[in-house]
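Going in written order, the chains are labelled A, B, C and D, and every chain counts its residues from 1.
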Amino acid sequence: MGASGYAGGELIRLLLKHGGVDLTFATSRKNAGEYIFRVHPNLRGMTDLKFSPNDLSKVTEMADLIFTALPHGESVKFMPQLVSSGVKIVDLSADFRLKNPADYETWYGYTHPSPELLEKFVYAVPELNRDEIAKTSLASSPGCMAITSILALAPIFKQKDVVVDREHVVVDTKIASSGSGGKPSLSTHFSERYGVVRPYKPAGHRHTGEIEQQLSGLSGQKVTVSMSAHAINMVRGILSTCQVFYEGDIQNSTVWKMYRSLYSGQPFIRMVKDKTGPFRLPDPKVVIGSNFCDVGFELDERGHRIVAIGAIDNLLKGAAGNAVQVMNIMLGQDEKRGIYDAPLHPV
Amino acid sequence: MGASGYAGGELIRLLLKHGGVDLTFATSRKNAGEYIFRVHPNLRGMTDLKFSPNDLSKVTEMADLIFTALPHGESVKFMPQLVSSGVKIVDLSADFRLKNPADYETWYGYTHPSPELLEKFVYAVPELNRDEIAKTSLASSPGCMAITSILALAPIFKQKDVVVDREHVVVDTKIASSGSGGKPSLSTHFSERYGVVRPYKPAGHRHTGEIEQQLSGLSGQKVTVSMSAHAINMVRGILSTCQVFYEGDIQNSTVWKMYRSLYSGQPFIRMVKDKTGPFRLPDPKVVIGSNFCDVGFELDERGHRIVAIGAIDNLLKGAAGNAVQVMNIMLGQDEKRGIYDAPLHPV
Amino acid sequence: MGASGYAGGELIRLLLKHGGVDLTFATSRKNAGEYIFRVHPNLRGMTDLKFSPNDLSKVTEMADLIFTALPHGESVKFMPQLVSSGVKIVDLSADFRLKNPADYETWYGYTHPSPELLEKFVYAVPELNRDEIAKTSLASSPGCMAITSILALAPIFKQKDVVVDREHVVVDTKIASSGSGGKPSLSTHFSERYGVVRPYKPAGHRHTGEIEQQLSGLSGQKVTVSMSAHAINMVRGILSTCQVFYEGDIQNSTVWKMYRSLYSGQPFIRMVKDKTGPFRLPDPKVVIGSNFCDVGFELDERGHRIVAIGAIDNLLKGAAGNAVQVMNIMLGQDEKRGIYDAPLHPV
Amino acid sequence: MGASGYAGGELIRLLLKHGGVDLTFATSRKNAGEYIFRVHPNLRGMTDLKFSPNDLSKVTEMADLIFTALPHGESVKFMPQLVSSGVKIVDLSADFRLKNPADYETWYGYTHPSPELLEKFVYAVPELNRDEIAKTSLASSPGCMAITSILALAPIFKQKDVVVDREHVVVDTKIASSGSGGKPSLSTHFSERYGVVRPYKPAGHRHTGEIEQQLSGLSGQKVTVSMSAHAINMVRGILSTCQVFYEGDIQNSTVWKMYRSLYSGQPFIRMVKDKTGPFRLPDPKVVIGSNFCDVGFELDERGHRIVAIGAIDNLLKGAAGNAVQVMNIMLGQDEKRGIYDAPLHPV
């Protein structure tokens, strides 16, 4: 549902080639009746399906699992009825990510209309709570900058050996244009948007709430995140540069151990920390088209800080790719099915 | 063989996910002994294979089919020995594309050392000579700008109903940076290369010879092509804008018929000629990551010309993708196997 | 008048630094009352002027010369009144470029409401009709792709020694996004526009009429132009690649002579035809920020064609820069005043 | 001296149009004897000067003031002799920026060979020490990321009313390709460099030393800076996003006052902090081609931090533009002469 946006287009692309599921419908209020490939021109020749309207009674009969990729504030309107139908749901909106209703007032400026549903939805980062996802029928897929930052920082906040400053965690994100969707405006007009380094949200970005929630959960203590978000000159990709200050003296091997103990064997995490070459640390350029989250770090002993870095394709690990990964787990299928593609390079 | 270039990297990516073949080795003189993912950073986590040296006696024992992606002028040195081993070969270099030895003097400035091999290699465009490919064990994959232009123009030169001017065929190509390979130089230095519209070969481009050879073959008469090649601001993709002048009066439906009769049912050709939307005609942007060649045209009745347009991803339909398609046909496998991916959009 | 568009913004920038003129007002229907720097953010700190409304009676009293940069079809409404006021005018719209009223029906699809004014406006390309401009009080500045192509081709069509084919002149243009203005749409949405090679007008582009008019005038015989226009991945710049077929045999020196005889001493024409380096022929990358038109050619003796190439910054030599150059001539000032800037490189 | 690099090219461009100085020579070891416009193609038609060799005895006789734009570690070799000649010098290298010789060991890994010269060179940021510059004959122009960050942060560290955390100052910079110079390498190869968000120096960047030195000087107390540097997808421009944590509660007006009291009347500082529009905060896109440093901030009362933001064109305010501004002050000319250009927009 809500398949005419960029995340919706990626979902369709992934589901068409998945092999273990059938795509039975894709809804779009605006484009109902239109061929999907007219809206997602890459899918020309890949499907003759047309968009259908958002008819709740029909959709719950036509699917075992529904992806909801509606704008924030829209999912929440449909959800009580959808949930009551018993269908499995993976929600890509922000409407069920935060667990404390008060956080919706802080970060989104509205009173959540269905607070009783919040706890029913699992905030789904397979690398951190795979078992929980396997048991739920209601999953909420994280925000794109949130999942990048959370995966970059989780190993540091999950461990207990090194004491870190939980008050001054700085997250500086650089995001591509597709993260802001497909609706034209002066801000997204090519001549105005090309070549920018636009600090569009130096403070107060909504994903801050998700990151704080998850890091606080991992560490068992309140974590405050200082996030600044920048729009830069690309269409896909996110880099999240995170600064964590620590006490005492540590070594590279200590940090390596944090990351290895959490991420060994994770199919969609690649540790990147090389000594030579142009891609010594994570860079969105080499994850484009894949569901990988590349993770790396740099230790600054002089400044007593760890710079934790994460890179993803925002439409894949930051949206549709993670959602399909979550679906695979919920349906008991191979977690990698349909989404284990190598990135394109160069592109 | 010759797997450290961009076409080689794409071949490895495609073969790793193919399912119907095993990748047993990948050679690189320069990088022998190095992990493949150090050279092709997108393949990190996808394979632990290392590059091996170019040892002819070994490689023919290790494979039923070999892709040669060596620089022009290098393939030809190895080829007599490789051919005599009986192994199937798909050559991605220019060394066996032209059938008339004199053409190598015209377009490449050298005397071909093995002219007797030229006729043994099939110039492989599956959409035009699938049957011939199925029977050969030696195939030569076309140049990237050549295949784009040939596929855009073939329907016009294969038909006999409309008389076209064979002396004034203008081909204006726009190509991405990956087409010129991975070797740094001042011309490819980012600060100098970014944002260019560089008419780097307004006349005399080597692919002209291939286009003339194939169009002449299709039409049964000598065709002269006036080609101009431009490097533009992107990493992947080619657009070829071709001008053909015709005699008499024709209609859109006449031209549609030319294209449909040749391309109906071709899995990797998409006809693009819409009335609305940003992508009404072929544009490389919406084929990136796929093996599609998008083809379309515009009829200019006032100027008595057809503008034939083709768009591809130069590393796929222009190199590795077409090569795997050819391999599939040579091995009797499903032609689409391993390469029937939707393009990424937006990217 | 009409100063909120990109050409208007460049005009303001140039006039503020000109030294020989005072900018007394800048009108904008939509932004009247707003600070100019809110619309043209580069001008922050450079001027405190606000946009004023389009009040014809006032503007003719406030200026000796008016630039009209209104959308096509708008200039023509104001013009009779403006002209009758006696004020000097440089019009940047298309409304007075074509001299044959019938051409407006052919290329713009409307009946020109003031055909009697067409001959009063000089089609102003200083390099071709400087004297005429010096005597007029009404000038029409050419279309951006038209002036690029005209300047690239003029030397060939003005000479009489070499016979050229006037029926098959192919003009393939590559243009930046700012050429299509500042109004957002799906076509100009960054995610959809980035990385395109969009053949948005393979035939029928309106600038064709201007090019034919001027080349026919230069050669004294009817010239037919086959133009195809492409939008590519940049914000400023145009490259025009023009194919002209000739009879008999000629040499490089013959073509050089054509260009030198027309362009020697022209302050804003640079001949570019080097043997080495990344910028051997015209490329918009190295004219950005300047009023230069770089011109060069390649002779293809085999194909009996000259490839004539022109490159400009579409907002300068293609709009505001040429307009100020024309103003300088009309006012008897130094032609280079206020616009003789070096391009930026690299950028 | 050292005029074949990008900063050298910009210096030549600025000096040619300055009006108050004559450019008598430009040296280049590599390109001696070559026309300047062969190396800086934008300058074609602007000068017929050729590069001369680095002959110290000659250059000091040919100039009253010399710009040295040699690679780091090269300036220092020439400098004792140059200084002893009595000529005025503006050095663009890093060799005389740090005042404590030990800092060269920390940040550059070498023992400074002429430590006695360090104090003679004024670290020249006109907005902070104009008077000192006016009196010196030896100036050192700051590093590009250093000056951006220093100008963004200076108002906060110069004031005494609000107590800030001097241990956790985070500086996250995003820099264009021209900042790394004109020498080709795999890292700067277009296909590898295009579209990156490369965290090439998450810790240990050399400019950190300059920033700490200057902020410590302003505040009178030691300041520790945690800097991370990223290469992104553009040719010109720097954005520096700086996080400063403060004690107590403050308001927007408090921070405004810090900035206004330092920057009112500064010709090359523009405060950018708007409520609407795409460019509400500093963005390098709207300073390209100018010597402006755009400065703005966002107050995060929840996180007790100020996000201070600076944007420049790295080749102008980050190199050649600042150097000419410094020269103007040293020579007693109008500080704005030759460099008070509006940025280009859109570009």
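Going forward, contacts are C-beta pairs under 8 Å (C-beta built on N, C-alpha and C of every residue); 3 or more make two chains touch, one makes a residue touch a chain.
In this text, all values refer to a predicted model and were calculated from it rather than measured experimentally.
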Centroid-based (C-alpha) most distant chain relative to chain B: D
Centre distance in Å when chain B and chain C are each reduced to the mean of their C-alpha atoms: 37
Chain A and chain C, separation of their C-alpha mean positions in angstrom: 46
Multi-partner residues of chain B (at least 2 other chains): 6, 177-178, 186, 191-195, 234-235, 277-279, 288, 346-347
Touch-based graph of the chains, sorted into line, ring, star, complete or other: complete
Complex contact set, residues of chain B against chain D: 6, 177-178, 182-186, 188-195, 234-235
Footprint of chain C on chain B - complex, ascending: 165, 168, 170, 172, 174, 186-187, 191-200, 202-204, 224-226, 228, 230, 232-234, 237, 239, 241, 243, 245, 277-279, 281-285, 288, 298-300, 302-303, 305, 307, 309, 311, 346-347
Chain D-facing residues of chain C, complex: 6, 9, 13, 16-17, 38, 40-46, 177-178, 235-236, 270, 272, 274, 277-279, 286-290, 292, 294, 341-347
